[in-house]
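Just dropping this structure here.
Chains: A, B, C and D, in written order; residue numbering restarts at 1 for each.
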Amino acid sequence: MTGRGRETMLHGKSLVVVGFVLAAWASSAIGQFPLAEEMSGQTVDAAHRADEQVLAPSPVPNATVESALFYLFGGALLVSAIGVCVCKSVVRMATWLFGALGAAAVLYFLMGATFLGAIQLIVYAGGTLILIIFGVMLTSKSPWVRFECRRIEFWAAGGVVGVLFCALITLLVGTDWPTPAVAPQPVTIAMFGEALLTTYLVPFEVASVLLLVVMIGAAYLARQERS
Amino acid sequence: MGTTVLQSGSDVLTDVEGSEQGDLRTEEMLVNMGPQHPATHGVLRVVLRTDGEMVLESVPHIGYLHRCAEKIGENLQPFQYIPYTDRMDYLAGMNNNQAFSIAIEKLVGIEVPLRAQFIRVIFAELNRIASHLVAFGTYGLDMGAFTPFLYAFREREMILDLFESTCGARLTYSYITIGGVHDDLPDRFLEVLDEFLDYFEPKIDEYNQLLSFNHIFVKRTANVGVISADDAVRWALTGPVLRASGVNWDLRKSTPYEIYDRFDFDIPIGLPGGREGVPRSVVVGDSWNRHIVKVWEMRQSCRIIRQAMAQITDGPHIAAKVKNVKLPDDEVYVEIENPRGQLGFYVRGDGSSIPARVKVRGPSFCNISVLNHVGKGCLLADIPAIVGSIDIVMGECDR
Amino acid sequence: MAPEEICIILTGEFGDGVVDTVLDACRPYAVVRVDGWSDIARFLRDDGRMRFNMLQCVTALDLLEDNKLAAVYDLFSVPVVGVGPCATLRQHFAIRVEVDRDAPHIPSVSGIWPAAEWHEREAYDMMGIVFDDHPNLTRILCPDDWEGYPLRKDYEFPLEYHGIPATTEHQLNSPRH
Amino acid sequence: MTRMSVPWRPGGKQVHRGPAALVAGIAKALYATFAPLVRAFPGPLLIGAIVAVIVGVWINYLVFEFVDDSLVASSTNLAGETGLLGGPLALGEVRAGLTTSGVPGSGILCYVLYPLQYGVVRDVVSMGGILGFISVIPLYTIWWERKVAGRIQSRTGPMRVGGWHGWSQSMADGIKLICKEDLCPASADRPLFKLAPYLAFVPAILAFFALPFGTYWVFRQVDVALVFILAMLGIEVIGVILAGWASNNKWSVYGAMREACQMVSYEIPMGMALLIPIMVVGSLSLTTVGDTQSEGWTSWIVFRSPFTFAAAVAYFVAALANCKRAPFDLPESESELVAGFHTEYSGFRWSLFFFGEYAAMFVVSGLCVILFLGAWYSPLPMSLADRWGLGDSVGARAIKGLLFAGPLWFVAKCVFLLYVQIWIRWTLPRIRIDQVLYACIQVLLPLMMVLLLGHTLYELFVPVHGFVWTVFNLVLSLIGAVFVLGMIFIATYGFWNRVGLVGSLGVETLPGS
């Protein structure tokens, strides 16, 4: 590594870090988050008051920036999804998956569903992805674990994907999407919580019971294999 | 490098080397806790066959510090060989010198003056304390507690200063030679030694509170690497490792050499859990007992030194004629109680002044051979705990 | 028990198995024939009067003048509470097994005392004494591909190992005896 | 052996070409002028720098507020929106607005204030403050850890670099690490190997975006700040696992595996422990949680009920495990795994991991301070400030910032929690991986469930400011006060009769030695 090489590498590295931070800031800068100034006027009530006050979002100043970001992260989602399918090495596949999940989370942030974006990162990027990598790590020695599928499977998969893609395209082009006159009211956490426990209580409980059963099943299988 | 190909068709995970694995079992790994590893004190290499965190087999490989000390022994006169004995167990130089000197004196029949024997006892016990301090500090490091190491070395620094004031060296002393000691004590030595003992003895309880009885330390070492008394004897383990397994065998007490029969001190041996001052989960012969036996031995050594300082007499510090003494056509095998175990010297003379064969029986050589037997089924993090508690020095293991 | 009584018991038990007993030496020992050695060893460990349960050291000797190799076994009896009757013998005895140089085969005692496993590997590595049915008789101190047995009196120093030149002090090719 | 073309020759004078010569010249000149200055009185400079950063950010906020009030008042067509690109006012209007409101030197000031109307300029300025503060934290936490470790181990720690107590030691280490060649093992998975440190470093920085330092001191007021920060801490795990896995070294794989199970399992008790203060306040936004603890130290959530008290301790333990700090630092345990997942890393990449860890340490202690220890409020209640009649003038706000509520209090509490983490690391040994998982699943999880249930019942059935409630509150507050006063007493007692480092016993005076 000659001196010259190191300097360029140095610039490369710092650029990558700044790029990451800028991308995150850009997604947060387009005003979906209520700016700090709006908050200053709000007086602090007694300690116990719940926070129902709907945070008035500042209207989107400039649609071009917002749509540019949407296409950027939508494209990133698409590319990493393709990366997941095409890639051979399993761990690289997992990294592409992380790219896809991250891009999806940013899209949620763009739409103002901040809670959903954060949960997506915690549950998917922080949870299932790690278990996938963990599973790969336990079952193979070197990182060069390859996953080669045979010829016919490749074509079969290609066919199915083609069919689904055409169906999607026709659906996309066919319907005329209603464009809402006024920007939909963003959902705050309090409304989110109430909806979960009032209107959608039954599906919420059913889902949690299902997860409970899955967890007990996993524990039982693990213990059985260990003994 | 072996790439593992996941055949999507078959549900079996086949490794490129073709080793068929039944079901989706975790991959067994051959891991090399190599010669350069922070947890192996010195250049010990342990090849571990592990399944995840569980260790199936731990085979120690030695020989990385082999300097053919025994071959050199066949070329040098005994008094020239003393500096080589320092370099064997480089943490207990005085004890090594004493072992070789007693062997030669017994072979040739030299009578060591009484004052020299007292000085030998004082310095041997001081070196035992210094060696146990190193063992205490590095064992804390193996368990992840960085601080006790610094305290142990601060106290050891004072002992090394005492050694330096007497024989000029801090590690390789060559002070105890054949027929006595190299030169007499400096005049204010006993006062400073008394001052050190008064400073040091309360420190041992402080160390115990800081590390030995620390709840996490106990959980990491109690019931880990248990060696039964029968195994300890069959594998010829000696020293604190043997005594931690409950065998009351210390050469200073059982077959007293030199003037050890004049002092009264007791031998700390491994205690089962539940006794006063012993945590509940402790078992006789586990790593915690091996650690605590060393700490209690430090206190006994202080007792011995105090009695030796009280009973020391005046007189010559070395026997008269020592150089180019003729070795009889005979053999001798002498063992003394080294901080790490029984260090034995087998010397065979053939009439000339150069020995025909010098064999060194290093305690670490035997103590580490039990690692495979003890290491089966323990966790990866327990290997440093076991190796640290056995406290090996590769100098005397490889010679 | 004094070494004399041990020798008497041994000669009583094994007769010609014990070649001779040297008692006036600094550390008395008995010389034993090779073929009877393994059952003498088992006798030394299991017999009630002997109870030598700890094999401390196996020293390999090179008796060049009468073309022999020897292995000296130093045995200790350590009182272990709870294992057999609590013997307070605390005795120390040694056995020497001599075998000629060109076929140095001694039966291994690692079955009787597991400690012997590493000592015998070192004796093999340094002196070239082959211990029969030893579980893993390989070199322990020298590298595995080392030729020759360093501690033998007639050992020629190799002048090169894997390209690394070896220099001996003032051109001494073999130790002066 | 071909001679490597190395730009510098050993012993020879370093030769620079082109722009590098210019930069080197400037650097040398700067060093020549400032080095004596810094070496003369480093202490005041260091403390001055920290205060300057905080005052700078404060002034930055004041200016924003001033810009909004004055410009909004003076201009007619302004709708209060300061969009990203379209500026509402021309330069002339700004100057006119300033002169009408009688601001001295408005000629120059308008050039300064004009760009500040744009949101993007404000974001750049405040992001500069955030990134500056973030890079300062790991730098000084590392230096401070080495000093505290030294003191605990009866030695002195860094004393030489930069003068007073080696204050610029970690800065020098940073420069050294940047200049060091960072290798990538041949058999490693190169792209992943290079990506991993960024995945471990950037989330820790992004977590600072949503971490409020004061009521108005937050870069982005996210209404789900807590969940956002937890998400960022979750992503760090992936960086560490990829690092361990991609460097194709058996020991790093062990480090990565341990990391995976430890961090994933400890996120659950950590999340549950954070639920309890949320239950009290009712909102996920950290600013609201912080502002509800403004009535003096008895109103802090940690003293609210025994359940929150236990939850604070449980959270701190889970946070220790989440940041891989002792006694849970198994992923990079030196004694078994050589250096765990970052064995193969060196130079700049290694320092990214190091920075990420210390930034995460600050974020985690920040969360603990905001949710349990009365965020940016001092033990004195805000009502006292109103009684003293502290209005909105700059002077009054300065006193309120110092005595009652301000980022200084938040940073002070975070620094105290950092000290506790450092203190724990240098005293406790490391626990084994099965004990780590046992502690999480069989001890911490059930405890958190009990606390969660207990606190819900407590909130429902114990009337707020009722008799039982105030008894618990006072008792716990007393415990807290005793703990803090005890700490202060021990510190002063220790400082007062600190004994010189116990060296050798003066044996040199022995004759003949």
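The definition used in the following text is that contacts are C-beta pairs under 8 Å (C-beta built on N, C-alpha and C of every residue); 3 or more make two chains touch, one makes a residue touch a chain.
What you see is a predicted model, and the numbers here were worked out from it, not measured in a lab.
In terms of the distance between Cα centroids, chain A is separated most widely from C.
By count of C-beta pairs in contact, A-D exceeds the other of the chain pairs B-C and A-D. Separating the centre of chain A from that of chain B, both taken as means of CA atoms, is a distance of 58 Å. The geometric centre of chain B is 24 Å away from that of chain C, both derived from CA atoms. Measuring from the averaged C-alpha position of chain A to that of chain D gives a distance of 26 Å. Taking each chain's centre as the average of its CA atoms, chain B and chain D sit 46 Å apart.
In chain D, the residues that reach two or more other chains under the touch definition are 187, 248, 257. For chain A, the set of residues that touch two or more other chains comprises 138, 142, 144. Taken residue by residue, chain B touches two or more other chains at 1, 29, 52, whereas all remaining positions touch fewer. Residues of chain B touching chain D in their complex: 1, 29, 31-32, 37-39, 52-53, 140-147, 149-151, 154, 157-158, 161-162, 164-166, 186-189, 192, 195-196, 199, 210-211, 214, 216-217, 219-220, 379-384.
Per the touch definition, chain D reaches chain B in the complex via residues 149, 152-155, 187, 248, 250-251, 254, 257, 326-327, 329-330, 333-336, 338, 426-435, 502-505, 507-513.
Chain B contributes residues 62-63, 66, 68, 70-71, 74-75, 106-107, 229-230, 233-236, 238, 242, 246-249, 254-255, 330-333, 335, 342, 344, 346, 348, 357, 359, 361, 365-366, 369, 373, 398-399 to its touches with chain C in the complex.
Residues of chain C touching chain B in their complex: 25-27, 29, 53-57, 59-62, 72, 74, 78-83, 90, 92, 94, 113-115, 117-118, 122, 126, 139-143, 150-151, 175-177. Those residues of chain D lying in contact with chain A across their complex are 4-8, 64-65, 68, 81-86, 119-120, 123, 127, 131, 178-179, 181, 187-189, 191-192, 195, 198-199, 201-202, 205-206, 209, 215-216, 218-224, 227-228, 230-232, 234-235, 237-238, 241-242, 245-246, 248, 253, 256-257, 260-261, 263-264, 267, 281-285, 287-288, 291-295, 299, 348, 464.
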